[in-house]
């Protein structure tokens, strides 16, 4: 009844667990956790997130075209099934992207046979909740013969754009504006600790937009994109772009040159989203 | 005055009329109706729609590059002019996409000279209302020399993404979130009656996003897109995509392989839209 | 105190100042102003805009690939710093896209070394405000060897899509729907004074979507796009498109043929935005 005290909800906050990755020939064994962890999404603002390995986004994975993934998910969340959907692989979702129950684990094997930059995410229904609450990351599948520009690249960085809504509020996920739109999980780290480069460097960004809801107009101020590989496929080349359109659940390899010392903002040119956090600084100093 | 009883509005619900299509040499005669018909957009939820031929989307049309369309619109709607705008043709809109008055008909001739997958829709002003109320569909213009992959394709399906707003509420069309985002007109048919394929099949989807307002991040879970032809033009090839960005009023031919038995969700990766209905199941069984 | 009369705010409305442009060899000197000017965004509706040179969008600039820009910004706004970010150039933003204080001027030099159609805009923080209030335009960097289709083009026009929100209302910029979405600054000029062409003409549009927030699904009714160059780069060719997807801060060169006399609407196929103003008429008369 109304006069009873509210039940104390025990909020879980599990320490991040490192992923375990090792290679046996062409097979890459990846062990990751599903876990509930508080993450700082803005200075002093925490979100009780559903995560892979205690961070949002989860770990950046890197394999080679033609590898086989032997993937184990350990579900440390006591309250909820979770799962893994790699955009990079061929697999029957109803068999290999299936739920792993609380305190259980599951191992799944599939080929990473398409080169590129791919989103991964929890695929447990309703998937919107699992993604909005933080369960996503990037897997890079290096092309068998690399990119034609591999030898020229001086530095590379991985950026994931995503949205944060009112905490655990499904109505907000479905019908409201995001409170934050961020790069690599929060709105401050890539401002306070800029990406670093030297004058004249050729930079490569592995960029993914994981949504869950918004598209991205990815842009780097002060340069143009010498080459863009849509979804990271070496065959999908575009030249001299000012801005690359990323769908939700889409990626690109973005290459450009920084010719002068100074700070170069990196952002989505959907400027309300840049204002809500999706801005990074690339700091270029003398060679 | 306020004390008078509300006038009973006679809601129209016209039985679907089959389109009539026949070919004379390079001329394809197409006869369609504009009509007002209740359509089921979610289980038990009906929308008193403005339609082509009593279904939403209207009939899938299929012609060949270089054909001439001789198109007749019979307007069965007693209350409203309607019209037809084919994205596939060259024609002066002010002469050939013009209004057909209630209980009248009009015939228009134009060339279908661009290969691809195109939206058609009622172009009567305000066009937002006519599209939001259901007047759209897909016309496939087969390339003269086909697609390079024609011989490999085992099965093909047509998918149209669209939005449903609060019924006949122009303020909702202009400024609110859609209530439903759907494939082929509703949120349940392609879940209850999955698309069917066999293991190893190469699948081709003719996908259009007709909006009226939202873009689509079209994605198939469990595979990557071997080839995507943007707007269905054989010259616009992309490879290995995880997700294809579709503008409102845009299309793609999407080809991929299903390597294992099981269920493969097909969705827009703008996940709130997938949650609102835009999810289909592709069911793959043993060969 | 509350009983005091409201202070009369002196609204500024500065007369448009012409840009000054002249060429010395490969160097193009461009002098522009930042100024506050009332602009008519809908018939009888004025917005007290922050502008380049007193118009929204600002002047269309046109240079050649390989030119050096020597750009001077005179800030006539007594209350606010402004700046210039050209998407077309290589420059350290923290040095060359920097704020020019009220009543001061700054000169900056950078290479326009990427061919294409690029957005320019005020880059002063918060950039969302400066763009939402009207500080943007288009710079065309002609490719050194032109476009392969240059000889065929009969007429060309420049179109900029942008949004107007509730006047100077940052909450609206961040979280609400635009009140107007417009081509070339207002919702009426390109309807009342159509773009003009002759039957059989090949038309080229230089189209930019400057947002600040929305993407564009750019479409021409009654034709298909023979060629589209994404961001105006001659290497990024697409064929036979019905609609081209433009990110915020993105552009395209769009070429098509008008085969018959009549009016051809040009619009974003995100139809609520077309309804809010982003529709133009292309009027084709007998050759």
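A, B and C label the chains in the order they appear, each numbered from 1.
Basically, a contact is a pair of C-beta atoms (placed from the backbone, for glycine too) under 8 Å apart; a residue touches a chain by one contact, two chains touch by 3 or more.
No experiment lies behind these values; they were computed from the predicted model shown.
Student: Classify the chain contact graph as line, ring, star, complete or other.
Tutor: It is complete, because no pair of chains fails to touch.
Student: Chain A-chain B contact: same residues or different, taking over half shared as same?
Tutor: different
Student: Nearest whole angstrom, what separates the Cα centre of chain A from the Cα centre of chain B?
Tutor: That gives a centre separation of 32 Å.
Student: Which chain A residues touch at least two other chains?
Tutor: 215, 245
Student: Per the contact definition, I'd like the list of chain C residues that touch chain A in the complex.
Tutor: Contacts found on chain C: 85, 87-97, 114-116, 118-119, 123, 126-128, 131-132, 173-175, 211-215, 230-231, 233, 235-236, 245-251.
Student: Which of the residues in chain B come into contact with chain A in the complex?
Tutor: 177, 215-219, 221-224, 238-245, 257-265, 268-276, 284
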